[in-house]
Amino acid sequence: MEAGAVGDDRDLDRIAAFTDGVMAVAITLLVLNIDVPRLPSGVDEAELRSELVDLLPSLGAYALSFALVGRYWVIHHRLFGTLRSFDGLLMALNLVFLALIALVPFSTELSDRYSEHPIAAAAFAATIGLAGLVHWLMAAHSLRSGHAHDRRRHVTEHAASTANLALTLVFFASIPLAFIDPLISQLMWTATIVVRLGR
Amino acid sequence: MEAGAVGDDRDLDRIAAFTDGVMAVAITLLVLNIDVPRLPSGVDEAELRSELVDLLPSLGAYALSFALVGRYWVIHHRLFGTLRSFDGLLMALNLVFLALIALVPFSTELSDRYSEHPIAAAAFAATIGLAGLVHWLMAAHSLRSGHAHDRRRHVTEHAASTANLALTLVFFASIPLAFIDPLISQLMWTATIVVRLGR
Amino acid sequence: MEAGAVGDDRDLDRIAAFTDGVMAVAITLLVLNIDVPRLPSGVDEAELRSELVDLLPSLGAYALSFALVGRYWVIHHRLFGTLRSFDGLLMALNLVFLALIALVPFSTELSDRYSEHPIAAAAFAATIGLAGLVHWLMAAHSLRSGHAHDRRRHVTEHAASTANLALTLVFFASIPLAFIDPLISQLMWTATIVVRLGR
Amino acid sequence: MEAGAVGDDRDLDRIAAFTDGVMAVAITLLVLNIDVPRLPSGVDEAELRSELVDLLPSLGAYALSFALVGRYWVIHHRLFGTLRSFDGLLMALNLVFLALIALVPFSTELSDRYSEHPIAAAAFAATIGLAGLVHWLMAAHSLRSGHAHDRRRHVTEHAASTANLALTLVFFASIPLAFIDPLISQLMWTATIVVRLGR
């Protein structure tokens, strides 16, 4: 596609399908972070129960990342629903967005395994924050380049508004705070889900 | 999407596609639970055969979970076929449903590896039972909020009926029974497949 | 869906999409069988080269299984293109077919790692042969129950013909022959690809 | 499908969907190459930070392969958008293309783990180069066999032009150069992204 050229509805459907595929795989791979404990055969019930209780933080990390990727899927889906065309830059931004989403299983495992380490929390926050920033750039570029349907323009405008950078800013703000205590960052991330999931 | 706002057919198609993607990945990841044995090279045929026989319970666990996720796919597919709109709550419930489905490979591996442990059987039953409960809530909410096509309303009503909670109740009932003997739970689960797959 | 009830085109599209998803994941997971060697850092080039040469049989197993799953995708796709309706039995058969396809990464790894063991070759042949048999049953049932479009009926008839059981029969025949020498089976499997891929 | 027979739009949509599925899974599996370090509990922050710095080359390899598979997705998507029919040879070539794309996670891990070894760089370059060559053959065959829409014929012609072999040639040229220094190859690969992504 030449720069500036626009694709049609069928193209948009296929880009959306590929995006959905990557996000569906990434969100499902999150489960690989929760390792079934490997105990010697004949282990007693109390020990297995205690090992499973130790997995609860990993389950929490799974739930948080699932909610965040799910939320990005919702806003991506809403943005794409407003488009009638796209260009090479939008395609490139979409690939960068997907590369960040596909990194989430890694970042989740890192911040879960080293949950008391600021650097691990910072890496997780950077992955999510950057994904939000790139999505916002997609919305802003779509709006500026006239890729939005006129009758859905208000949705694109909403996606490209500074208000919509709030999630991103919370994640970026949590990076320096992780170096005071990673728990602060984790509480901030959880708060974004409690307040906004599914909107 | 603002709370209460409704999406159109194209939106529904994309939600269904994302859901199908997650369920397709989760159902295929089940195979990762069946580990190819690692024996020293030059192992004799009898030993390999005996190792493969030891894998049969894992193969059974694979078949059971495949059938259960497959069954959820069938009922989800049937429910979505009745919808003409959706809202933020339905989207959130759908994500919670998917998060539970994506956990099934973990729960399967856990209950297979520790098949004699009540707590492992309880975790598996809770995963499947909760997924069924959330699906039922989706059906009930769709019905109450008028998201169903009028001419398909009887299908939505069926999905939201107490009769349709039967599978969920069997799985919840199997949780306390696992603490008498996990085998009782496993027989109950298998019974749900023999009686109902594909209906 | 009540037994005997039929679904419409939109239903068929979603079943095809779910099937495509499972097959796409299964075919891509085949690569996990080819393990990158773990050598100490500072290993010399000749040793790495020799380790990579040792991977060639795994690469061959990958190519064979990829071609076989790809072939099943082609014939499944062709059969589904002839349908205008389906029923509960067809859905159940399709899930059994998918459960066998999703097992192929396991069977491939098994028969590749124990390539000199008859039992491993037999397990691989049984997986592929059973998948072919179930597919043939789907075609036969579709034809008998009138699920095929009239103008595409000859394609369904072709899929349900005894001639179309040839691939299945070759794989079943290779099971006893594996106990003479697994190499005979491997040659038979490869022959099915050379003769038929993409037809 | 008989050789030479042509499929219709619905068939093309399903082939595109399967292709998208395989590419989406392969591109997301790339993340499995970036292993979260396993350090003893109680490790200090400086050591974890140093381990994460050591991961940066793997992150670079991830970004490069993501961009390359993403680029192949873009050109495949563009080629398929020009087709109105296909035949058995095109289907077979598409499967070979997908088998090469699905190998990319393996090749990426190999060339990343042994980044100073010419043979590993050569294997990576061969995988990407062959995928490009097979794609070019698909374009050339589509053009020669009249599978392209007339009004989109110039796009197919562009895909089948010698100019479009440039990426492939760079990768093939990097194979002998890897035996002088793998770094030269890595710089050539990176250059292809900087110059062409999203066009």
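The first chain written gets the first letter, and so on, giving A, B, C and D; residue counts start at 1 in each chain.
The criterion applied here is as follows: a residue touches a chain if its C-beta (ideal position, glycine included) is under 8 Å from a C-beta of that chain, and two chains touch if they have at least 3 such contacts.
Every value quoted in this text rests on a predicted model; they were computed, and no experiment measured them.
Its C-alpha atoms superposed on subunit B, subunit A is turned by 90 degrees; the angle is given in steps of 5. Under half of the residue numbers found at the subunit B and subunit C interface occur in both copies, marking it as a different-residue contact.
A separation of 24 Å divides the Cα centre of subunit A from that of subunit D. Rounded to a whole number, the gap between the C-alpha centres of subunit B and subunit D is 34 angstrom. Those residues of subunit C in touch with two or more other chains are numbered 17, 21, 24-25, 29.
Contact residues of subunit B toward subunit A in the complex are 1-3, 7, 10-11, 14-15, 17-18, 21-22, 24-26, 29, 88-89, 91-92, 95, 98-99, 102-103, 105-106, 109-110, 113-114, 117-120, 123. Of all the residues in subunit D, the ones that touch subunit A in their complex are 16-17, 20-21, 23-25, 27-32, 34, 36, 39, 43, 45, 48-49, 52, 62-63, 66-67, 70, 73-74, 77-78, 81, 197-199.
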